[in-house]
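Chain nomenclature is as follows: A, B, C and D, assigned in order of appearance, with residue numbering initiated at 1 for each chain independently.
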Amino acid sequence: MSKGRLEAFTDGVIAILITIMVLDLHTPHGTTWHALRAELPVLLAYVLSFVYLGIYWNNHHHMLQAITRVSGAALWANLNLLFWLSLIPFVTAWMSENGFPTIPVAVYGIVLTAAATAFLILQGRLLHAEGEGSLLAAAVGADVKGRASLLVYCVGIGLTFANRWLGIAAYVAVALVWFIPDRRVERTLTAAHSGSGKAADHTRSQDD
Amino acid sequence: MSKGRLEAFTDGVIAILITIMVLDLHTPHGTTWHALRAELPVLLAYVLSFVYLGIYWNNHHHMLQAITRVSGAALWANLNLLFWLSLIPFVTAWMSENGFPTIPVAVYGIVLTAAATAFLILQGRLLHAEGEGSLLAAAVGADVKGRASLLVYCVGIGLTFANRWLGIAAYVAVALVWFIPDRRVERTLTAAHSGSGKAADHTRSQDD
Amino acid sequence: MSKGRLEAFTDGVIAILITIMVLDLHTPHGTTWHALRAELPVLLAYVLSFVYLGIYWNNHHHMLQAITRVSGAALWANLNLLFWLSLIPFVTAWMSENGFPTIPVAVYGIVLTAAATAFLILQGRLLHAEGEGSLLAAAVGADVKGRASLLVYCVGIGLTFANRWLGIAAYVAVALVWFIPDRRVERTLTAAHSGSGKAADHTRSQDD
Amino acid sequence: MSKGRLEAFTDGVIAILITIMVLDLHTPHGTTWHALRAELPVLLAYVLSFVYLGIYWNNHHHMLQAITRVSGAALWANLNLLFWLSLIPFVTAWMSENGFPTIPVAVYGIVLTAAATAFLILQGRLLHAEGEGSLLAAAVGADVKGRASLLVYCVGIGLTFANRWLGIAAYVAVALVWFIPDRRVERTLTAAHSGSGKAADHTRSQDD
């Protein structure tokens, strides 16, 4: 099956998720700087979730560039990822409207962990279909970053019960690590495309 | 007419429907596990409706892969399907915010039945345009699953008035049946594409 | 300029408009048939506006199939159309939540008139760019239906002040006329594509 | 990397932003012309923000037509732009629901300034990747309009504290300047495409 609609649907869902969080930015009570400042925690939580959804879109984009077709199982693995991402606006609102209390902060981390796991499952499905010597396998490699993120989330969730700001710090740290672009994937893709030259172009034009 | 925009529009509408249900996940009252647990019925109903919309997107995706063009009548049959799907967030909220009472559960089933019927009408329209010997006709076959689902919905709606959990059970059962991927369609499509080889590729590249 | 992104953006906006009206379908107060029946006027207004947005998407789809490129002025004419369409959820809610009173019904008609005018302006822009002997000029013809709709809207708005149901009747009548597919455009397009044969395919593949 | 998904994602986000502002158009209290007139400031602010988002979509559309591929850094520069645009519905509501008071009007200007800066950063990123002699460099030129807009925004924000209507006037003025289509970019693109003839078509068909 072609990957075009999977990309379009995923783009649509992430675009909507990233946008409807704005609906949770309630109009400040009053028209002073002070009133705006009261919305600051909500705004900062919005920034964090915006960056996370941006990272997922970015990584999804990169991953699907390296493959050529998707199986029915991959469609469901993708819907699973979208499900967990769809809970991000919900947990963002719960966490930020109440001043970042312990349990909502932990639940935020649980949703991030579930989304990261869903991404790894999707990646595994696609790797399985593409095979060992594939472009995707080369681009992903050992995926230290993906696995380490999962670990940091889990540590962060635990630390939240000691001090909730430690949990937030862990989530921000993972976002920063992913925010800094991973040149490796890009390089692999660029190398593959220029290396295989005309042959690759030919394949792509048939698949489009 | 080309099928590209029909796919894009349908993707857009389903992506939005699957996402705006999140807006009905109200921030829990309080910041305890208990407060989150009070939202559990709403969350579970969200999961069910998410899976249903995922199934429709999946099946729509598969069905349109097997065809090459759409008629004006198919556009309206598709809008009819989207109309019934658009009521899913509405009935999901009505059903789940009130603890799954009888009539809302029955109405949920009625909307599922109407959506399934709309899908069969769309399928019929496309089959009519494609013809008996078409790829779509081979992929759909007798469509036992589609027709049986309709029957189970109707039985489920009836049983709701005896015990509302029987209705829910019927809707979950149908979702599970569709959740397990239908290898048949995929196999037919794969066989057709590899079987007809270069000819098929040629046709597709002209239609894109 | 290529028409791809204009189509994608328009699809996106109409898909969202058609869907966010669902957010105005408030959960009924109570869980009885009676409570659902109280929502009936809102549901019927939703159906009317859904059909109108469906008609616009359909006609937009047809119109853009007949052209090959868009000018900067057409982008703005298209945004003008989208602006008026974007007011449909607003006037639908105002009209239906209050039991279809005179002034909101008239304002609904005014928005429909403005949207229809905006569509004619967009069509004029595209016709101007395509030229007299173009496929679009042949498909549109004298556009009796488009101009007559405008007239019926104006009459409907006037009649609303005598009896608001006459206004609603006028809007429903126009929707029905457009609902019945216009075979002429489709026939012109089909004839053109099959008539010009390989040449047309060749042109299209270069434009994609 | 191909630019297709970047365009699709941006189209999706802007389409949603332009549409969810409608959700802030609350149903008027009452069904009279007077009740509608009370919503007029909100409607006018909606028009201004609609036009601004339309301008950004338009300029984004033009800019991406002139390039052929995007880097990972450009994806983030684009997300940065989308972030600031996503705050427009928030500041529009804050500003218009309170009758355009000083501080919200200034904050509206700050968000416009940030979005314009983000656009220049994105443009800079793309220019850097395309190179000096590129089509984009020719189309953008010295970008007097982009830089002058930034200046007018800053002046407008300052003037708001003297008289808030001067701030609004500055924002409207910039919108009008961009609203009037910039024939230069279009001409450069048209010239480039017709000038380079078959070679350009060839390149494009490989990149699609």
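By our rule, a contact is a pair of C-beta atoms (placed from the backbone, for glycine too) under 8 Å apart; a residue touches a chain by one contact, two chains touch by 3 or more.
Keep in mind it's a predicted model, so treat the numbers as computed, not measured.
Undergrad: Where chain A and chain B touch, do the two copies share over half of their residue numbers, giving same, or under half, giving different?
TA: Different-residue interface.
Undergrad: On a CA-centroid basis, which chain has its centre farthest from chain C's?
TA: Using the mean of the C-alpha atoms as each chain's centre, the farthest one from chain C is A.
Undergrad: Fit chain B onto chain C over the CA trace and report the rotation angle, somewhere between 0 and 180 degrees, nearest 5.
TA: For the C-alpha superposition of chain B onto chain C, the angle is 90 degrees.
Undergrad: Give, as an integer number of Å, the spacing between the C-alpha centres of chain B and chain A.
TA: 26
Undergrad: On a C-alpha centroid basis, what's the spacing between chain B and chain D, in Å?
TA: 36
Undergrad: Find every residue in chain A that makes contact with two or more other chains and list them.
TA: 8, 12, 15-16, 20, 23, 205, 208
Undergrad: Which part of chain B faces chain C closely enough to touch in the complex?
TA: Going through chain B, the ones touching chain C are 1-2, 5, 8-9, 12-13, 16-17, 20, 23, 71-73, 75-76, 79, 82-83, 86-87, 89-90, 93-94, 97-98, 101-104, 107, 205-206, 208.
Undergrad: Going by the contact rule at the top, pick out the chain D residues touching chain C in the complex.
TA: Of all residues in chain D, those touching chain C are 7-8, 11-12, 14-16, 18-20, 22-23, 25, 27-28, 31-33, 36, 47, 50, 54, 57-58, 61-62, 65, 179, 181-183, 186, 189, 201, 205, 208.
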